[in-house]
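Here's a structure for you.
Order of writing sets the chain letters: A, B, C, D, E and F. Residues in each chain are counted from 1.
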Amino acid sequence: MAKDRYQQGIDKIQELTQASDDHPTGFMDIGEGLKDIAPDLSKYVVEFAFGDIYSRPGIDNKQKVLTTITALVAQGKPQIEMHIKTGLSVGLKPEEIVGCIVHLIPYTGFPSVLNALSVAKKVFAEQGVSVKTPEDE
Amino acid sequence: MAKDRYQQGIDKIQELTQASDDHPTGFMDIGEGLKDIAPDLSKYVVEFAFGDIYSRPGIDNKQKVLTTITALVAQGKPQIEMHIKTGLSVGLKPEEIVGCIVHLIPYTGFPSVLNALSVAKKVFAEQGVSVKTPEDE
Amino acid sequence: MAKDRYQQGIDKIQELTQASDDHPTGFMDIGEGLKDIAPDLSKYVVEFAFGDIYSRPGIDNKQKVLTTITALVAQGKPQIEMHIKTGLSVGLKPEEIVGCIVHLIPYTGFPSVLNALSVAKKVFAEQGVSVKTPEDE
Amino acid sequence: MAKDRYQQGIDKIQELTQASDDHPTGFMDIGEGLKDIAPDLSKYVVEFAFGDIYSRPGIDNKQKVLTTITALVAQGKPQIEMHIKTGLSVGLKPEEIVGCIVHLIPYTGFPSVLNALSVAKKVFAEQGVSVKTPEDE
Amino acid sequence: MAKDRYQQGIDKIQELTQASDDHPTGFMDIGEGLKDIAPDLSKYVVEFAFGDIYSRPGIDNKQKVLTTITALVAQGKPQIEMHIKTGLSVGLKPEEIVGCIVHLIPYTGFPSVLNALSVAKKVFAEQGVSVKTPEDE
Amino acid sequence: MAKDRYQQGIDKIQELTQASDDHPTGFMDIGEGLKDIAPDLSKYVVEFAFGDIYSRPGIDNKQKVLTTITALVAQGKPQIEMHIKTGLSVGLKPEEIVGCIVHLIPYTGFPSVLNALSVAKKVFAEQGVSVKTPEDE
């Protein structure tokens, strides 16, 4: 692992968010707002979460983001909004993101799914993307 | 939706488990062992979970099973064993299943991931599959 | 099951919410606001959650809503507000709803219960109902 | 509150479990096996959980036990077995217990429900009770 | 246990919050705002949570509050704000509170920790306390 | 951070478990049994969990282990057994471990606490330690 883990993490975030070189972490919250109370936190986010884990081979970026979104739906975490943006950024189709969330109904129940889809709807509207409907009824 | 939902669900389970026509639900537990106390339960599993949700377009079978596995890791449910089998059955590579579980460390913590990987190891051993290692160190 | 499942679900929602024929789903959120991104979602809510599950025999409407409220307290889901309304609508006394929530202290701890009771207080105030106090101290 | 809280708790447990005067806590685990390491624990269970909370007015014993069972299904706790026994003891019909658990599918998903019903099946078999089937199909 | 449990609870809250005799429960929410719908609730909070449990020997106040904060991080409960205040009040250093929350990353994942640290940052700012940084980088 | 993170993690584990130089990870499960399917996993456990997080300043080893135990009680994870051993190893008194677990009753409810105390009892028995009872009743 010749490459520096922090740089590897920054590169991965830039790849995931299609961020410019001027602000390479793009829309990803790496905990910089918390540096006054936990100055080492963003280092762990960048080095470990992105430099180590997101940089593993085995699954591709689309699978990684779908996995992330699923975990956040199951847990009801607000970070789902940021990771739905990441999903669109790595090329997931809106219907894949919706498909993944709806697929969770038998495993997490309806309320988690309804709450997550409301967030997806908001992100899709902000970015001007629309969903091809999965069924013609 | 011209096709009968129950038959649609059975067909989907057969497709997911590569089950024979003699026992079309294969290794999938659809709650038949509970028919004495909840005779309508397996109908809901087949019709709703598999006939409706697993049969939706938008994401493919591999994505559906990875999504299912992720939810079960986040929740710590024992059904993860059955769905890891399903993953292999639909053509997920062992390293994709492992990759998905390891990817969850930043979202669920280490214990959930260690517990899920122990189940994966057991299933892989039973089925004689091995994992191509993600890193040469 | 001669009756159409969708109609069965709509009838059940109307019964639970005492909704008018003009707007038969009343105050129940069936996911209609999400039809642009998941057009089949409200069908699953109506057909499966209400047409199948809420329409099962075995327990009555009051028991069904208390069960729902309990699950939502344990999970901390915001949908508890809608289902407290449903509870009043099906004839649960406010002290039954409060009694159910307070009963959860030994199982979910105080914070979940305090949060749920704050929602109940808001709903009771909006609907002008008051609670007969369970103890004279 | 003239009555001693500990005695109130013991009386409530005896009422819930239909226990004999010789062993008034019946099948209820009040943490006595843990007295070597936490000698005050069973006092809290008896005084607070049963003497205070289970003794509140507002909901009846059947509602209290259904509420308890629901919370334990949502959390996946092994104590569900003991409280299904309590349910039968206070006069809940097996189909009410099953009805409550099955009702949770839209809120907790299938795996939690399947796991809880397996426990119910075991308890019903041990006690020789059978479920009137909710549907003739 | 000669002392009245309610008085014991009030004394403990006053000790934890350094509250004045005029308003001895200080900033601690004991459920008084819910007395219209659950008049016995604040009694349980005071008598059981503070009079019994917080008054146990075995661990000191600092350990009790760190334990409380940890549980609330793991559960994502909003009560964490109040208990971070309590932590400062009983003499925990800001870096101990932050240290405890950051220590949870391997057990709860990053999102829970980021959300909790945002609350801590807000409380620290309100109270004008600053964190000695754990690392010089 | 001049020292190698992996070595730092191993040193920390050895310190926590009082392990011999022959087997420096002692009783700590670092995922070595999973190396066939996830060869990089134990590296993350050692480098990140122990080399980074457990090695942070701000809180001492006793606080770190109590925090870990609390998180595992709240989540119901089986890893609690290993970390109760770690607690004894770093010098936590049995009554501190019990005190921390019992303190969680108002936050997680009784079942989580009873389950965790059963594990503590088993570990204490294996190691021949006894608890000074917190109350003389």
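Just so we're on the same page, a residue touches a chain if its C-beta (ideal position, glycine included) is under 8 Å from a C-beta of that chain, and two chains touch if they have at least 3 such contacts.
This structure is a prediction, so every number in the text was calculated from the model and none was measured.
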Both-way neighbours, i.e. chains that touch subunit B and touch subunit A: C, D, E, F
Reference subunit C; chain at largest CA-centroid distance: F
Residue-number overlap at the subunit A/subunit C interface, same or different (half cut): different
Equivalent-chain rotation between subunit C and subunit B, CA atoms, steps of 5 degrees: 180
Chain of greatest Cα-centre distance to subunit A: D
A-E compared against C-F, more contacting pairs: A-E
Separation of subunit B from subunit E, taking each centre as the mean of its C-alpha atoms, in whole Å: 41
Distance from the mean Cα position of subunit F to that of subunit B, given in whole angstrom: 32
Subunit A: positions in contact with at least two other chains: 40, 44, 48-49, 53, 56, 71-72, 75-76, 98, 102, 105-111, 134-135, 137
Graph class of chain-chain contacts, one of line, ring, star, complete, other: complete
Residues on subunit F engaged by subunit B in the complex (per definition of touch): 29, 31, 33-34, 36-41, 43-45, 49, 71-72, 75-79
Residues of subunit B touching subunit F in the complex: 76, 94, 98, 101-102, 105, 109-115, 117-118, 120-121, 124, 130-131, 133-135, 137
Partner subunit A, residues of subunit D touching it in the complex: 105-111
Residues of subunit D defined as touching subunit C within the complex: 48-49, 53-54, 56-59, 63-64, 66-68, 70-75, 95-96, 98-100, 102-108, 134-135
Residues of subunit E that touch subunit D when the two form their complex: 40, 44, 48, 52-53, 56
